[in-house]
Structure formats: structure tokens, C-alpha cells
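Look at the two complexes coming up: subunit A is in both, with subunit B in one and subunit C in the other.
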Partner chain A sequence: MDIASVLAFLSLHFDEIVTVLKPVLIIALLFQVLPLLVLLERRGAAFIQDRQGPQRATFNLQLTSIKGVFTGEGGDGLRMRGFGMLFNIADLVKLLFKQSFVPPFAHKWWYILAPAIPVLAGLLTPAVLPWFAPIVHSVAPGDMRAVSGQIFDTDNGLLVLFAIGSLSVYGVVLGSWSSNSKYSLLGGMRASAMMISYEVSMGLSVLGMILLVGDFSLTRIVDWQAANAWGVFVQPVGFLLFLTSMFAECNRNPFDVAEGESELVAGFHTEYASAKFMLFMTGEYLHVLIASALVATLYLGGFDLVPFSYKLPGGPYDTAFIQAHLGLVGGLMLIVGGAGLLFASHLVTGRKRHYAKLQASDKQSRVKEYGFFAAVFSFLAVILLLGGAACLLLFPAPTPISGAVYEAKPVYSLWVSIITAVIQLHVVLGKTLLFCWLFIWVRWTLPRFRYDQIMALGWKVMLNVALANLLITALVAKLFT
Partner chain B sequence: MAKVVPRPQLSFWESIYFVEIFKGLATTLGHAKKNLLSPDNFPTLNYPEEAPRLPQDYRARHRLMKRPDGTPRCVACFMCSTSCPARCINIVAEESPDRHIEKRPVRFEIDLLLCVFCGYCVEACPCDAIRMDTRLGVMSGDNRRDFVIDKAKLMDWDPKDYPLTDVQSQKAPGGSLHQQALEEFRSGTYH
Partner chain C sequence: MKVISPQGEHIELMTVNVGPSHPATHGTLRILAALDGENIAACVTEIGYLHRGFEKMIEQGTYQQVLPYTDRLNYCSAMMNNIGFCKAVEGMFSVTVPERCIVVRVILSELSRIIDHMVCVCTNLVDLGALTNFWYFFNTREEVYKIWEKLCGARLTNTVTRIGGMYRDVYPDFANDVTEVLKKIESSVTEVRGLIEHNKIFIDRTKDICVVSAADAISWGWTGPCLRASGVDRDLRKDEPYYGYQDYQFDTVIGTSGDTFDRIMVRIYEMIESVSITRQALAKLKPGPINSTDARLSLPSRDQVYHDMEALINSFKLIYEGVRPPPGESYDATEAANGELGYLIVSDGGTNPYRIKVRPPCFTQFAAYADMLEGGMLADVAASLGSINIIAGELDR
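Then we have the complex of A and B:
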């Protein structure tokens, strides 16, 4: 069995392999981004509030081969703080090993079931999000196959998404009711009323986009945005309404009535501890991530590279463009990543210099740690920049398979399509993280609305604006298209 | 009759939230950016690894000033303990061997748990014998007895920890002006 036959086998069964790999990959991806999100929330909040943030969980990195270089006051090794990233591990260990306590007054079955629902909803919803354009490849001359960028390729993607996404309110309601505690029940009642109210304006605000596109399939919504204009530009009001509704759906500030820690202890999860509490938190951050990805997909062009790219010289910068200029686009993305890492290295070096000037008892270990990270970041940045330059200059332009055409577009070899998909995945992730930061940023900027203000805003303002927006969009769509 | 305070009325731009929200976002992003880019001006410290930068006139733990020969400048006049609102200063006096000075303290104790750090003792002292400029903001102990500091502990300070402009501290043993001050002290011209 030689390599060529293995490749032929892979190409023949690519659909099946990808169908199995996609969910695993996307869920693994989500759980890779989650700790980053927690770190971003903690340190971002700290920096906004002029604090240092959590950075005290440490471990000693043992580098025995270069022992002479790394010897700190805590014995051999390098005392690592990891920018507070270790707190994720510390929290995980703590929450997993705490006693899994069920209050004697709680309804045990529902109490245990409740935290699983938000996580389940958070893991199911990415199934209908398009993470990349369909991978078109040719198995044999004349036999073209397309693998969708969605895990669950359906024409009703948006409906499925809203149907499953709305289930997470059940976790809140069930958790609060089964806890059999007044604080929990109050938090759950308020939160469920709020989430259901804001679902109305959420659905109405996204209808404008659906009217323009004329399709519920998220892939086709992204395609429409690439061919015409991103959702932000054609539906600015709808975008703001949808974003605000998403804040309410995620129970994030300024719509944080479910938790309401200033008046309800911890709201719906007052009675929860250990791994069940952790599940609630995981569900919350998954929800933030999915909401960000959804906003990015619906209103920021999803995996599309540049807005209005069909008007730009050389455009449109769509999937076919990326495939034809794989070296250029890939190289540019590597260079952007390398520049980001160089900036991170610059920031870390600044911190190192700052601590070198200080009178602190753990000065040496901190200077060493920041020096270590500056070196690692610079090394990776140099690799990325060199790789990007090599891609730009040396990568041969891929040639389409002669005679192979799928939906009036040329078809390239499987590897070109896969690399294109990876590039598009990074584009979606970048936009998603942008909105994740917006969620965190807004949380630490705005105070919480009073409950009557939330209801007034939801029913008296947002619903009316959403309806007006829908009406105007319908008229414009009917008259001008 | 209760005074009625009218609720502040929001202007149009304030009532649609968005402008104000963007102003708030700009403020918080400014803080995040500043703290991310310039760690030198960080408002908070990693206590206890980093000591707080207390100002020179911070009212911290007391100390007793010393003459060039190492004896306390205190003449046991009881002005400080009389002016103390917390009555935390306990002095036992005895006759001084120096014929120009009437008394000296045998025991000079301050109960830091009673002390309110008002600084009245420093102001009351007629001969600049007690000061609160040690910058020792943190005191710790295992029991209450540890917080009653005696004469030896009050005089246990090093002139090198004080600026050269602090002439009285530098005249104490170990200070930069000590040698000259000791000669003046022995010849009787010291003030």
C-alpha cells in the first residue's frame, strides 16, 4: 500500500471522514477558546478597573538541561504565572474535587439535570454555524463533491439555531425552581421573563436580514453578504437590536438579572457548587462564544474576508480568490499573526523592564518569567513572519483541475481546499473573538438595568424599533430588488 | 417638611443610551489600553511582594530619636502621653545623670493596638524626641504583647534608611553627620 493509494482512499472517503471529524474539531475548538475567554474576562476586567487581576497560581517549570539559567528563589526551575492562565487549571481542580453537594431541600433529579441544559444547548448550536465555505473537491473526473462548512447542513439553519439556543432558558428556570430557594427562584423568574421578552425583538431584528437574503441557510446568508454587503451596512439598526438581544439572551451585563449578585446572592445558581456550578459557568461562556459567532456570521460577513470586495481591484475576495491566491492570502495571515505575536512580545518585554526597576521580593522570578515568554513569543513570531514571507514569495499559484467545474467555479485539489477552509475558519474565529471582547468590555462598562427598565426597553422600545425596521426593510426589499 | 429632590431629567441623546454607552466604552477602553501598554504607571501593586510607596509624612509606627551618644532624646516630660487621646503611651521616668537635663525615661512603651496614629505625640514633643516617619505601615504579631513596643524597639532604627536632608536622624550613631555631632556633643556646643 503506497502513499498514492492512501491519498486516493482518503479523497474517495473524504466526505465520511470530514463528517466525523467536523463535530469533534469544532467542539475541541470551542473548548480551546473557553479558557482564553475566561482569561480575557478576568484580566480584561482587571485592566479596565486599574487592577492587576489574578496571577498568583504558579507552578515551577523544571528545565533541568538549562538549570544554570533558570534558578529562582523557589528552588530550581522557573516560577510560571502564565499571565493568570493557570487559574483556569486551579479552578477546574478545585471545582471538580469539591464535594458534589445536593441541598436536602432541593428536588434532586431536576437539580442535577439543570446545569447540563445550557452546556448541551451551547454545544449543539455551533452545529448549524458555517465555519468555512463548502470544500469542493473532485473524486474522479466529473464526480465533484462539496463538504459543507456546517456540521448539520440544513436549509433551516437559523431556525434550528434559535430553537436550540432558546433551550438554555430551561437550565436557568429548572435550576432556580429545583433549588427550592427564594433567591434562586427570584433570579430564575426574572431571568426567564427577560429572556423570553428579548427573544421577540431578537427574532424580529434578524427577520430584516432574512428578508433581504431570502433564505434561512446561514451559509447562503454569508454568501449573500459576500456578494452584496455585510449585514452591518445594510441592517445597522437590526445589528444593534440583535446585539442587544444577545446580551440579554446570554444573561450578561447590563441584563444580568439572573445572577443579580448585589440583591440575590448569586441568583439562579445560589445553591450550586462544585462541578454543577462549573457546568453553569461553562454554559454561560459557551453561550457568549456562540452568540459572538452568530453575530459575526449574520452581520459581519462570517468567513468573508473584506466587505464590498467585489468593488475593490482584483476582487471579489471570495473562496475562489483565496484558492487561486493561496500563497498571498495565507502568507498575509501568517504575517498578521506574526505581527500580533511580536506586539505581545513587546508588551511582555515592557513588563520585564518594569519589574527589573522595581523593589519587589519576587523580582528575579518575574523578570525571568517575562524574559522567557518574550523569547518564546519572539521565536514564534519570527517563525510565522518567515513562513508568511516564504508563502508570499515561494508558494506556487495553485492550478485548477482541468475540466472540473462546480457551480461555475473552478475546482482545485483537495489540499488547496482544506487550507482555504482553515483560513476561513480563522477569519470567523477572529470576528468571533472581537465580539467576545465586546461582551466583556460592555459588562465592565455598564451598570445593570433595573428590572422595570429592562422590561420597558424590551417591550416599549426595542420591539417597536424592530417592527419599524422590519417594515422599512420589507418595503425597500420589495421596491428595489 | 421633607425636601423633594427632583429626579434628573435625561436629555434626548442620553435617553437613547447609545451615545452615552459609547462614551463609557471609550473611558473603559482607555483604562485597559493604558494599563496594558504602560505597566510603570499601574495604579495597583502586587502586595506583599511590592511594598507600597508611602509618602515621607505618612503617620506610621513611632520611633525615638537619639542623641549622638546613642541615648534617647526624650526627657520624660510626659507631654506626649498627656496629649495622647488613646492613652497608649506609658512612660516611667528617672533622674538623669546629666546635670543639664532633669529626667530620662527608664521605660517608654507604646501600645500600638490602642494607638490611633493621630500624630499628637509628635506635635506635643518639645525636643523632637518622638517621630512617626518610619514608613512602617504594617505591624504584625502573634499576641497582644507583641504590639506593645518598648524603648529598645523604638530606638532600633538605622540612619541610612532616612534621607540625608533629615539632619537630626543623621546625627545619631551611624549617620553621616554623627562624627561631627559627637564632637560637638562632647565639647558642650551641641544643640
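Then we have the complex of A and C:
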């Protein structure tokens, strides 16, 4: 059995392999982004609040072999803070190894079950999100197959997503009720009332988009946006309403009345600790991530590269364009990544200079660590930039397989399709992180609503605006199409 | 809890203990609320969790030994308690401290007022869920604390004054440091105002919440920023001027409706006024003696002690026995950050105070709290508790 036959086998069974791998990869990806999101929250909060941020969890990197470089206080090691990344591990270890305490007055089984529900819902919802355009490949001449960018490819993607996403409130309500504590109960009551009110405006606000596209399938919504205009341009009101509802759905500030730590101690998770508390937190951050991905998909064109690209020279910049100009697009993305890393290196160097001037007691170790990271970032940036330049200049333009056409578009070799999918995945993730940052920014800027004010906003303002938006969209859609 | 309303309806209420173990009351207060849904149908407040027997304790020592205890009254602005007590005792002797001491005390008072208002406003905003303001104010407060450290070595409980003067004169660079910190205060006040002043959520949360009318505020015995927020023009610095406050140009900040919003805003604008007073006081800071030379309450200089028998005896008497205010009863009040901080001192002519009654400003404010809350919502408990600035140290004493 030689390599060629293995490759042929893999290519023949590509569908099955990808179908099995997709859920694993996407969930693994989510759990990779999740710690990043927590870090982003912590450092973002510190950045907004003029403070240093997480830095207490450290470990000593022993580099005794290059003693001349890393010497000084704290032995020969390099004290690593990792910008607070280590806190994720510290938190995980702490929460997992804490005593798993169940209050004697709680309803035990429901109490234990409740934290699992938000996590489960958070892990199921990404199944219907399109992470990349369908990978089309040719198995044999005339036999084209497309592998969807969703884990669960359905025409009613959006409905499934809302259905599963709404389930997560059951975790909150069940947890609050089974805790058998008054504060928890009040928190659960607030959460359930809020969830019901905001589901309505959320559904109505997204209906405008559905009317324009005429389809519930998320892939087709993205395709429509690529072909016409991103949702944020055609449905600005709907976008704002949907975003606001998403804040409410995620129980994030300014809608975090269910937790309301200054009023209800900790709201629905007052009685929760250890791993169960961690699950609630995981569920919350998963929710933020999914909500951001959803907003990016519905209103920011999903995996589409540039808005109104069909008007630009050489456009539209759709999947076929990326495949035909793989070197150009891939190279540009690498260069963007490299430039980002260079900027990070610049920031770290700035902090290093700042600490070198200070008289802090741990100045030495900070300066060393930041120097180390600046070097690492610069090195990676150079690699990425060189790789990008190489892609731009040297990558041969892929040629379509002759005679292979799928839905009036040329079909390229499997590798070209896979690289395209990876590029599109990064585009989605980039947009998602953009909205994640918005979530964090808002959380650390605005005060919290009062429960009755949230209700008033939901029923008296947002519902009416959503209905008006829907009506106007329907009229416009009817008149002009 | 089943109750019958005045109209004869049977209502099912849920009782909730907000505190003492609660993030908003941090172990020192208890609000027993009967909830109808989220609305507070009735509530009762309870204090005494931080009662340390302050007034009994200070009868045991000399007048000088009272000073460190006064730090623990309103620990957010400990210096103003020191100054108020020293002023009261000096008043019993009818002694006026030197001009430089007065100006330094005004500067310290106004800076303390600013940091007290900062703590009050930012913790209130934290209870409202706006966490970022906390750091904007606390970073600046830290700069003031650095001055405190340079001045007397202590940060929170300073004990910086002495009866008849100060612990020591200010350090040489004091005026520059204060000028610098005033700029930082102004910029942080601007930042926080930018975040909240026109913020719809903040206004919704605080406007018309826990309203106290001017008549109510007076009948509750309110003083200070909370009284002024209700629209009453009463400020001891203006109405019963002491320490030359009549010579400073500043405005009394007065609210209109007496709601939580006004109470927060009055404090924020008072900070700006205090910055202006401090600038004027800095201009008045002239070299000169800092301590009174009255032998009844000030230690003689070491030079005199070593060369003069009378001075040596005086020094011994003052240190071993303490000052002896003339017999009688005296009440003296200053405008502390929180309101009128009064000391009623009864002296029997001895070296220990016969009785000292402290009139803390937040005691009367907390008395009205239950009435303010009734008819409101549970979320208003946290939203308005900060605005009346309850400092358990001076509330329970």
C-alpha cells in the first residue's frame, strides 16, 4: 500500500471522515477559544480599568543551560506570567479539586443536573453555524460531492439554533429552584422572565433578515449577504435589536440581573461552587462565543471576506475567488496575522520599557519576561510575514479540474478546497472575536439595568421597534423585489 | 409570610434578609425586607454589628489617647475626625491654633472630603454594576494616600493632628504634591462624569429612587451632602464658618429632588468645589509655627525642657497625665465629608473625658433608610445604600 493509494482512499471517503471530524474539531476549537475569551475578558477589563490585570499565577521556566541570559532574582528561571493565561489553568485546577458540596436543603439531583444544561446547549448550537463554505471536491470525473460547513446541515438551521439556545435558560431556572435559596429563586425568576421577553424581540428582529433572504438556512443567509449586502447594512435596526437581545440572552451586563451580585449575592448560582460553578461559567462564556458567532453570521456576512465585493475590481470575493487566488488571499491573511503579532510585540516592548522605568519589586522578572515574549512574537511575526510574502509571490495559481463543475462553479483539487475552508474559518473566528470584544467592552462600561426596566425595555420598546422593522422590511421587500 | 394589608387583603410576602452577610452590606447592616414579588412591601433595618463601645472606651484614656480612636469612626476620611475632635477640645480651652496649622487642616480636610466622596460614589456605582468607575476613583485616591504616607506614615488611620496643633509640620514638597494630585482628581472626576452623567441606564436607576423631601430630610436630622441633595442650603462651612472658611470662594452644591441621582451628583460636584478650596488654601500656606504655644495643651520644645525646670514639669504633666480642659460641657461640630460630625464633650476638669458623645452624620441618614426603601424594589436597596454613605464605623461606634 503506497501513499498514493492511501490518499486516494482518503479522498474517496472524504465525506465520511470530515463528517466525523467536524464536530470534534469544532468543539475542540470552541474549547480552545474559550480560555482565550476568559483571558480577553480579564485583560480587557484591566485595560479599561487602568490596572495591571491578572498576573499572580506564575511558573518558573527553567533555562539553566543559557544561564548567561536568564539569571537574576528567583533563581535561574524565567518567571512566566503568560499575560494571565495561567489563571485559566489555576482556575480549572482550583474549581475541579474543590469539595463538590451539595447544600442539605437543595434538591440534589436537579441541583447537580442544572449546570450541565447551559454547557450542553452551548455545545449543541454551533452545530448549525456555517464555519466555512461547502467543500466541493471531485471524487471521480462527473462525481462531485459537497461537504457542508455546518456539522448539522439543515434547511431550518436558524430555528434549530434558537430552539436549542433557548434551552439553556432551563439550566438557570432549574439551578435556582433546586438550590432552595431565596436569592437563587429571585435570580431564576428574573432570568426566566427576561429570557421570555427577549426571545420575542430576538425572533422578530431576525425575521427581517429572513424575509430578505427567504430562507432559514444559515449557509444561504451567508450566501445572500455575499451576493447582496451584509445584514448590518440592510437591517441596521434589526442588527441592533438582535445584538441587544443577545446581550440579554447571555445574561451579560447590562442585562445581568439574574446574577446581580450587588443585589442577589450571586443570583441563580449563589449556592453553587466547585466544578458545578465552573460549568455555569463555561456555559456563560460558551454562550457569549456562540452569540458572537451568530451575530457575525447573520449580520456580518459570516465567512464572506469583504462587503459589497461584487462591486469591487475582480469581485465578487467569494469561495471561487479565494480558490482561484489562493496565494493572494492566503498570503494577505498571513501578512495580517504577522502584522498583528508585530503590533503585539510592539505593545509588549512598550510595557517592558514602562516596567524598566518603574521601581516595582518584581521589575527584573517583568522586564525579562516581556523581553522574552517580544522576541517570541517578533520571531513568529517574521515567519508569518515571510510566509505571507512567499505565498503572494511564489504560490502557483491553482487550476480547476478540467470539466469538473459544481453548481456552475469550477472545482479545484481537495487541498485547495481545504485551505479555502481554513481561511474562511479564520474569517468567521475573527468576526466572532470582534463581537466578543464588544461584549466585554460593554460589560465594563455600563451599569446594570433594574429588573422592571429590562422588562419595560423589552416589551415596550424593543418589541415595538422589532415589529415596525419587520413591517417596513416586509413592505420594502414586497415592493422592490 | 401571610399578612393582611390595611385594606383587608390577604397577601403572601417573602421575607429576605439583605445582610448582614451580603455584598452590599458587607457584614455591618441588616435589612429585613418583606417582598411582594420584587417590590419591598415593608422593611426594617438593624444596626450594631460593628459596635465597639467607642464612647465607653474613650472615657478610659486621656484626651490625647482619644485621637487614634476617632480615626476608626469614618475611616474613609480619618483626618476629618481627628480635626473635628482636636477643634472641639481646643474650643474648650478657647485656644486658637496658629494660622499655618489652620490652613494645613483645611487642606487635609478638603482632600479627605474628596477621597471620602470618591469612595462613596464609586462603591455606589459598583453596587449599580458600573465597576470601571471604581478604579478611576481608586487610582486617584491612591495618589492622595501616597501624600498621607509621606505626611505621617499611615494611610487609613492617620492620627495626624494633635490637640493644639499637628503631629508634625508638613514635609517640604507637600504643596507640589497636592497641586499634582488636584490635577489627577479633576481628570478622574471628569472621566467618571463622562461615564455616568448622561448615561441613560444610570439615570433610570437613580432618578426618583428613594426620594427624601427637604422637609423629611430636616425632620430626620440629616446633614451634609444628603441634606443638600434634598435642596436644603445648609453647610457648616458657610453657615457657622470655622477655620476661615468664610474667606474661601466656593459654592454650596444643592440638589433639587433628593433622589439617589442628586445625592451622587452633589458629591461629585462637591469634589470640584473642594479642589478649588484646596487651591486657595495652598496659596495661603505661609511659613510659621504649626503648634500652639499654650502651655496647657502643647508640649514645650526640647530645648526648653532641657534648660527650664517649669517646662520640664509641664512636659511631664502633659505626657503622664494629659490635658485638663476646664470643667463644663461643650458641643463642637465640623462639616465632615458625610455631614455634621459633632463631639459633645463633658469635662469634670480631670485628665480623662467624663463623657464624649459623638454625633455621627450617617446615623440619622440610616434611620431614614427603611422609610426610603418601602415601596421600592429590591434592586434599589443596593442602588441607594451607597448614596447615603453608611460607614459602619461611625454608625455603630
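Here is the rule we use: the second predicted complex is superposed on the first by the 480 of 481 C-alpha atoms of A that agree within 3 Å, B and C clash if a C-alpha of one lies under 4 Å from a C-alpha of the other, contacts with A are read in each partner's own complex, and residues count from 1 in each chain.
Basically, a contact is a pair of C-beta atoms (placed from the backbone, for glycine too) under 8 Å apart; a residue touches a chain by one contact, two chains touch by 3 or more.
This one's a predicted model, so the numbers in the text were calculated from it and none came from an experiment.
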Room on subunit A for both subunit B and subunit C (clash or fit): clash
First (subunit B), second (subunit C), both or neither touched by A:Trp444: both
Which superposed partner A:Glu407 touches (first subunit B, second subunit C, both, neither): neither
Contacts of A:Asp256 with subunit B and subunit C, given as first, second, both or neither: second
First (subunit B), second (subunit C), both or neither touched by A:Asp2: neither
Partner chain in contact with A:Gly44 - subunit B first, subunit C second, else both or neither: first
Subunit B and subunit C contact sites that coincide on subunit A, given as residue numbers: 48-51, 444-446
Complex contacts: residues of subunit C adjacent to subunit A: 14, 16, 22-24, 38, 125-132, 134-136, 139, 195-196, 199, 201-202, 204-205, 377-383
Touch list for subunit B against partner subunit A, complex: 18, 21, 24-25, 27-29, 31-32, 35-40, 42-46, 48-51
Parts of subunit A lying in touch with subunit B, wherever the complex brings them together: 44, 47-52, 55, 240, 347, 350-351, 354, 357-363, 441-442, 444-446
Residue ranges of subunit A in contact with subunit C within the complex: 45, 48-51, 182-183, 186, 190, 253-254, 256-257, 260-265, 444-453
